[in-house]
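Letters A, B and C mark the chains as written, and numbering starts fresh at 1 in each.
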Amino acid sequence: MAKTNAGNFFEDYTLGQVLEHATPRTVSGGERALYTALYPARHALYSSDKFAQASGLHASPLDDLIAFHTVFGKTVPDISLNAVANLGYAEGRFHVPVWPGDTLRSRSEVIGLKQNSNGKSGVVYVRTEGLNQHGTVVLDYVRWVMVRKGNLDAPAPETTIPELATVVDSEALFVPEGLDFSHYDFGLAGEPHRWGDYEVGEVIDHVDGVTLEEAEHMMATRLWQNTAKVHFDATFRPDGQRLIYGGHIISLARALSFNGLANAQMIAGINAGAHANPAFAGDTVKAWSEVLGKAETGAPGVGALRLRLVATKGSPAGALCGDDGRYLPEVLLDLDYWALMPL
Amino acid sequence: MAKTNAGNFFEDYTLGQVLEHATPRTVSGGERALYTALYPARHALYSSDKFAQASGLHASPLDDLIAFHTVFGKTVPDISLNAVANLGYAEGRFHVPVWPGDTLRSRSEVIGLKQNSNGKSGVVYVRTEGLNQHGTVVLDYVRWVMVRKGNLDAPAPETTIPELATVVDSEALFVPEGLDFSHYDFGLAGEPHRWGDYEVGEVIDHVDGVTLEEAEHMMATRLWQNTAKVHFDATFRPDGQRLIYGGHIISLARALSFNGLANAQMIAGINAGAHANPAFAGDTVKAWSEVLGKAETGAPGVGALRLRLVATKGSPAGALCGDDGRYLPEVLLDLDYWALMPL
Amino acid sequence: MAKTNAGNFFEDYTLGQVLEHATPRTVSGGERALYTALYPARHALYSSDKFAQASGLHASPLDDLIAFHTVFGKTVPDISLNAVANLGYAEGRFHVPVWPGDTLRSRSEVIGLKQNSNGKSGVVYVRTEGLNQHGTVVLDYVRWVMVRKGNLDAPAPETTIPELATVVDSEALFVPEGLDFSHYDFGLAGEPHRWGDYEVGEVIDHVDGVTLEEAEHMMATRLWQNTAKVHFDATFRPDGQRLIYGGHIISLARALSFNGLANAQMIAGINAGAHANPAFAGDTVKAWSEVLGKAETGAPGVGALRLRLVATKGSPAGALCGDDGRYLPEVLLDLDYWALMPL
């Protein structure tokens, strides 16, 4: 009997199936320091206990993307070991912050299945929850991936495509308990721009660029215990290149967006996301954002901004698709998310 | 008077000599996070406080190899600065776990000496102990290294070769106080295979590969305060290559072995070890294991598995030596150790 | 209205102006572990809680250069985003140690201005303070940078060049409260040489070398939230090279100086500093020190040593300038500092 995990193939999934993912993880200030070393992260709420306390929290939480990547990483051995492509995200919400000392685990439910017409692969939709040591959901999101079939003769499942919201309703966003931006220090945060200063349609070029390194993306990806071979083994792809984990680009772009969106402190929701093109070591990544929407929240001094965050290796700010309606070849990431900002 | 440490030469060692090594070290969650970033480490007991508590420990200990490398690193300035080769390990035992906040130091006793027939070098055998802040031994092991003579005219010492066990008696292994695998969660641990599922002689191909990077092996080696020049200085060897610390390969192979040995949670003993060939940046490392033996322990639900862990940069699983009885050129590591597993 | 920070230009500074820098930062054992992974740091006081306690401190502080880089990094967006060159340091003093859990912020006052005769740039002198969560100054220093003018037509400010001490008076150095080297363990510290063993004029070759990697200098520079583009973006300079943050070389040289100055435990003052030439990935850095002075302190068993620390990528120990009085092209750093040592 083979002891190694070959991963699940398309025919291994059934609608309603629940996967309790392995490797619970206790996170600490070590993960925070590494995150700061790997990305130009400067949002004050995630950098300073004092700033977080002045914002009504008991301490500085770990970056929302530390939580996201940790939860996501646990799903890889069960969901995406035989994935051909990571197709999309929807309905992501951050329920409660993750604090140093928390222990996270992940659980996914299969909510949709559709075999491709070629009979060789299919699309699996899962809703994944991250839970802390109290059993509280810290975040959840839907993602869908194209997965190879292991046995081409396996029968196709009944097609079920879940109805997914194109955007998380701003009313459904969670604001961390106690969060209060009424006495927000814009000087310490690094920029004067408040929620009211942003207009729908506004495009912000984040200006700075970072050239990707093999050691950095591999350390980042391992930090989340993401085990997909393609990120680590230069002999795995015919071209000898290691494909960079899409989450590395999300974190890099989000950190770069500080320059122009320093006050978009917390990620509250993920509406949609596409890894438009692969990234490789040597690419220099820049980012731009577009304001897609605005909403109020019930919390004191806290507004929500809906943002498109685009990572690119060359196209100018604002350029997303070509005449054919497809992503430009330089576009790496198109992420639609909700951020919490001071009013 | 020269202030720098030229290291000890073969003639500087005497039988029974005790070396108290420098640079005591307090370890924390920072070392744990870095270990996870540097190696694909996923053993649940070292990842989650909750999992460790469910196994009878008060918290998740630091990886046994964090303890080993930290203790080993301290010996380098006194033992292996003038070493030609690291020849072997024996009689390694892990006495008590190392916890975040512990302070480690190292002490070695010279237990054997043998000058080589060429008169230019000799073999030094040391038994090294790592101690925590309470003075408790956390681990000990024997290693022997070939060390250059500084003064070729120095007289040869009397030859003393210690009698070393070829395998640590399973009765002599320490099981951490309180360890109890009776209620082990195989789902959270990542694989269903228990002690009873492994057979002596069984070979497990761990499948995954990792391509080595200069920045990663140097960060790892520095993390243990290992100062051997050959790992850091590209001008040191005539070929301009930085030799990778053998311990980096041990940790990499052990982490890769998760895939097939996810429940071989703790390292309890090191029976033998050989760094068969040098590794360099750009090499892609894979690993395989062979079950060499099985033993019971007195602890509830805890069995011991004796494993050969082999790291290779190309030879297939199971292939170790050529017709000449020597290691294949692709084999990097041959490590014989005891692991603790759920029954 | 542009939301991104274009940085300040020479004409934006006024004498007496106070800049409260953004991004307060809570530091932890994570930063310590990363520092150890990035530099061959081995000074026992910064490595071991036990050693620090035996020296009269309640725990091991974070390395003085962690404090320095963190404070410095915060000034970059306000001071050196449009800098042409980092010209010098003076009057640096370390007031109180920084402990894991502290939250640091930075504040600078403009103490001098001088427009260059070309009318295109000018020199800005700032005195920067780092403060902890109690509002206590942890360190302060003066630095001056050459900054581009944004508007060449802006009038030149009145020239004010501050009078700066060429060396921090040893009487003005702060010794951490409680520090006591009376019972110093030279064995654990790694070398037998005490304050009395060093003579003014003595030159120490630190022997070891480290080859620079892109991933390492970028991780280090990000860790201090230093955002200067030139360190991260390979497309920024015409030659396609990423300029290495001068502080990376300071930390590397200081850590290398352990070999010969293992007991120069704490940095108490920075008298002067010059980044003599730029460093790039692939360079192999070595270091040497010269004893420039000696002083006593009031603290039990604690002496002060004034040291010149030189980082070089090729010139021999002791070689600093050519016949023209300029730094040799291999010299990267010339730092003049005060260290605290056991008497």
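Heads up, the rule we're going with is that contacts are C-beta pairs under 8 Å (C-beta built on N, C-alpha and C of every residue); 3 or more make two chains touch, one makes a residue touch a chain.
Everything numeric here is computed off the predicted structure, so don't read it as measured data.
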| item | value |
| --- | --- |
| Copies subunit C and subunit A - interface residue numbers shared by over half, same or different | different |
| Subunit B on subunit C, rotation in degrees - Cα superposition, rounded to nearest 5 | 120 |
| Separation of subunit A from subunit C, taking each centre as the mean of its C-alpha atoms, in whole Å | 36 |
| Set of subunit A residues in contact with two or more other chains | 28-31, 33-34, 100, 213-216 |
| Contact set on subunit C toward subunit B in their complex | 28-34, 36-42, 44, 47-51, 60, 100, 187-191, 193, 197-198, 204-211, 213-216, 259-262, 282, 284 |
| Of all residues in subunit C, those that touch subunit A in their complex | 1, 3-5, 20, 22-31, 33-34, 77, 100-101, 103, 105, 133, 213-216, 218-220, 222-223, 225, 227, 229, 232-236, 242 |
